[in-house]
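In the two complexes below, chain A is the common chain; its partner is chain B in one and chain C in the other.
And then the complex of A and B:
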């Protein structure tokens, strides 16, 4: 048993060293500023990373959203067959009760801002969704499970998620109906630097934000419901 | 360059943990470490071509030393996906643990060999 482990470690170290040595062959290439200007001219998005993953590589991003949705359905489905705890005890700390509401509001506002300016500055739908999901998790640590169910209408969230997925698919195939290619940016590009510019990139950012927010929050809610706070 | 070497080291540390650890939760933690290493590798790859973030400021004409946006755009979706898939595997481990009442891989598979 010892010998086998030693062999695994030694062979992994050898492969690791070979990979590090082979790094010297990676070429360094500069991207010229004209390339960036061409990207901005075509997509009108100042953040070129967003221009890539929501315009040129949109097909890839759509299927990443599918994978995310499927894994959340898996979490909810399998957690329902795990035995849940009998008595749910939330955090009962006055400081935390007070400040969790502030943290919730601040994180929701920050998330909406980050999602809306995803094509102008650092940010985007995925990051904003995680920020909002974290705020929702903080506020649901201090409340009773029935109170959370009443306030957030937990039974509607899966139907919202289905609606968002459907609208993402419809947005990608809608250009076919008006005589353009599918996955093409069909909205007007607008003026560079405005929030309402760059075609459908802010729309997709907003949809991905809602998707990731509901997804990450339903994950944390079902974990709190079935496993307790601590 | 130092970022790439460190990311490869992180990835292989996670790989060793995935193989050698017997506890299922620690195995999944190692998979998370591997995920982090791969993300760091892509970020370091785009850091090689320039030091500044690839966000164009319209006021500054002809910015120099901008990073390559393509590796970042490839890896940005995988962060959230990695979180979701890790949670899913954690739920599956919970299901397995509640049926077999152990987290040891050897005991779940019913092996007792000591070779």
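And then the complex of A and C:
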């Protein structure tokens, strides 16, 4: 027991030191200002992180979407083997009922904003999707399972998801048809700083936003259906 | 510099607290707090995109999924019938073989026990609100009668017939004789049947049943015998 405690103390100190050192000694950026200018010129995206993962590294991002889709199917597949809860008891609290709707609206508006300006400021499709999914989750805590089914049309959601995945794949192949490389931008770059700029980056942001929103919502729905609300 | 160091310390301390928790619910909520501080850290070291993702996924979404997943396993609802030696609320809290076994099991699974006394088995619907029902349940009495329950045997016993024709198990006979409700002469010594005491597990809590079976199989024989000797003599 004493040895175990000693081991815990030593490993804590090591982890603590490593964390602090890595947090205080962040390597300074080696990318020159010209490099930033080049990225912005080429993509017209002010957020260079988005420019990287939706333009230069779009191939990796597509696989991230595949992994996400696979994990959702995994959750749905395994939860379907669990019998669903017969007596579904939602939260029945007036304060919660009111604020959940409020939170839902706020999170959907915030999510759309984050998705649309992903190429101008911090944000993007993934975060926006999760924010919207969380909003849907909060509002569904106060509703009955049949009400949720009626309002969010869960059967349609899985078809939307497949449709979005298909359109993402088609959008990456489409440039080949018009004589460009695959995964290459085919839309006009527009004026820097506008929402409708940066070529296909906002389009992908929007598609990823919808995909992640429906995906995270499916996970929530199946959890509530098969395990019940807390 | 000071901010980074303090954030680093907070992260490590929170992570340690989460790992050392033995109550799953507390651990989940604290890991949500950990995610929130991680998000703040990401923000200050120049990664607002990652901070947003961490805050929404780590602090809210994962916490919810974990809590729902924990729903059935966080609290063990036990319904019991008073039976001295097996389970009974005494002056110093609960005591008995079944209670001690359940306590060890709940500690092993980091759950809390919620005890409720049952007066009779007349209304089976009420029994569905429990994960485990105990209090000297005997295997042969319940086979077929309560089909909605899973039976987990843990201790062998004998069944005796009284002269009135009642079939009673060893602990019940002992308690009745000790309280003077029947005399030892009333018991028919020849009709001895072997059976086992069981825990009744509701079908909805099948996972609890599986975990309890595993626990009882892997329980140290010495500890088990000690519990039985201490309570039943």
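Definition applied: the second predicted complex is superposed on the first by the 201 of 230 C-alpha atoms of A that agree within 3 Å, B and C clash if a C-alpha of one lies under 4 Å from a C-alpha of the other, contacts with A are read in each partner's own complex, and residues count from 1 in each chain.
FYI, contacts are C-beta pairs under 8 Å (C-beta built on N, C-alpha and C of every residue); 3 or more make two chains touch, one makes a residue touch a chain.
As the structure is a computational prediction, the values presented were derived from the model and not from experiment.
*Asks:* Report for A:123: first if it touches chain B alone, second if chain C alone, otherwise both or neither.
*Replies:* After superposing on A, A:123 lies in contact with chain C but is clear of chain B.
*Asks:* Would you sort A:59 into first (chain B), second (chain C), both or neither based on which partner it touches?
*Replies:* It touches nothing on chain B or chain C.
*Asks:* For A:40, using the defined touch cut-off, is the partner it touches chain B, chain C, both, or neither? Pick first, second, both or neither.
*Replies:* first
*Asks:* According to the stated criteria, A:228 is in contact with first (chain B), second (chain C), both, or neither; which is it?
*Replies:* Second partner only.
*Asks:* After lining up the shared chain so the two structures overlap, which partner does A:134 touch, if you call chain B first and chain C second: first, second, both or neither?
*Replies:* A:134: touches chain C, not chain B.
*Asks:* Once chain A of both complexes is superposed, is A:114 in touch with chain B (first), chain C (second), both, or neither?
*Replies:* second
*Asks:* Who does A:102 touch here: chain B (first), chain C (second), both, or neither?
*Replies:* After superposing on A, A:102 lies clear of both chain B and chain C.
*Asks:* Is the number of chain A residues in contact higher for chain B or for chain C?
*Replies:* Residues of chain A touched, chain B against chain C: more for B.
*Asks:* Please report the chain A residues shared by its interface with chain B and its interface with chain C.
*Replies:* Correct list for chain A: 12, 15-16, 19-20, 23, 26, 47, 49-50, 122, 124, 126, 130, 216, 219, 223, 227.
*Asks:* Residues of chain A touching chain B in their complex?
*Replies:* Of all residues in chain A, those touching chain B are 1, 4-5, 8-9, 12-13, 15-16, 19-20, 23, 26, 28-31, 33, 36, 39-40, 46-53, 57, 60-61, 64, 67-68, 71-72, 74-75, 78-79, 81-83, 121-122, 124, 126, 129-130, 192-193, 212, 215-216, 219, 223, 227.
*Asks:* Spell out the part of chain C that touches chain A in their complex, as residue ranges.
*Replies:* Residues 1, 4-5, 7-9, 11-12, 15-16, 41, 45-46, 48-49, 51-53, 56-57, 60-61, 64-65, 67-69, 71-72 of chain C touch chain A in their complex.
*Asks:* Could you please specify the touching residues of chain A with respect to chain C in the complex?
*Replies:* Interface residues on the chain A side: 12, 15-16, 19-20, 23-24, 26, 47, 49-50, 114, 122-124, 126-127, 130-131, 133-134, 137, 216, 219-220, 223-224, 227-230.
*Asks:* Could you pull out which chain B residues touch chain A in their complex?
*Replies:* Listed in rising order, the residues of chain B that touch chain A are 1, 4-5, 8-9, 12, 15-16, 19-20, 45, 48-50, 53-58, 62-64, 66, 68-70, 72-74, 76-81, 83-85, 87-88, 91-92, 94-95, 98, 114-115.
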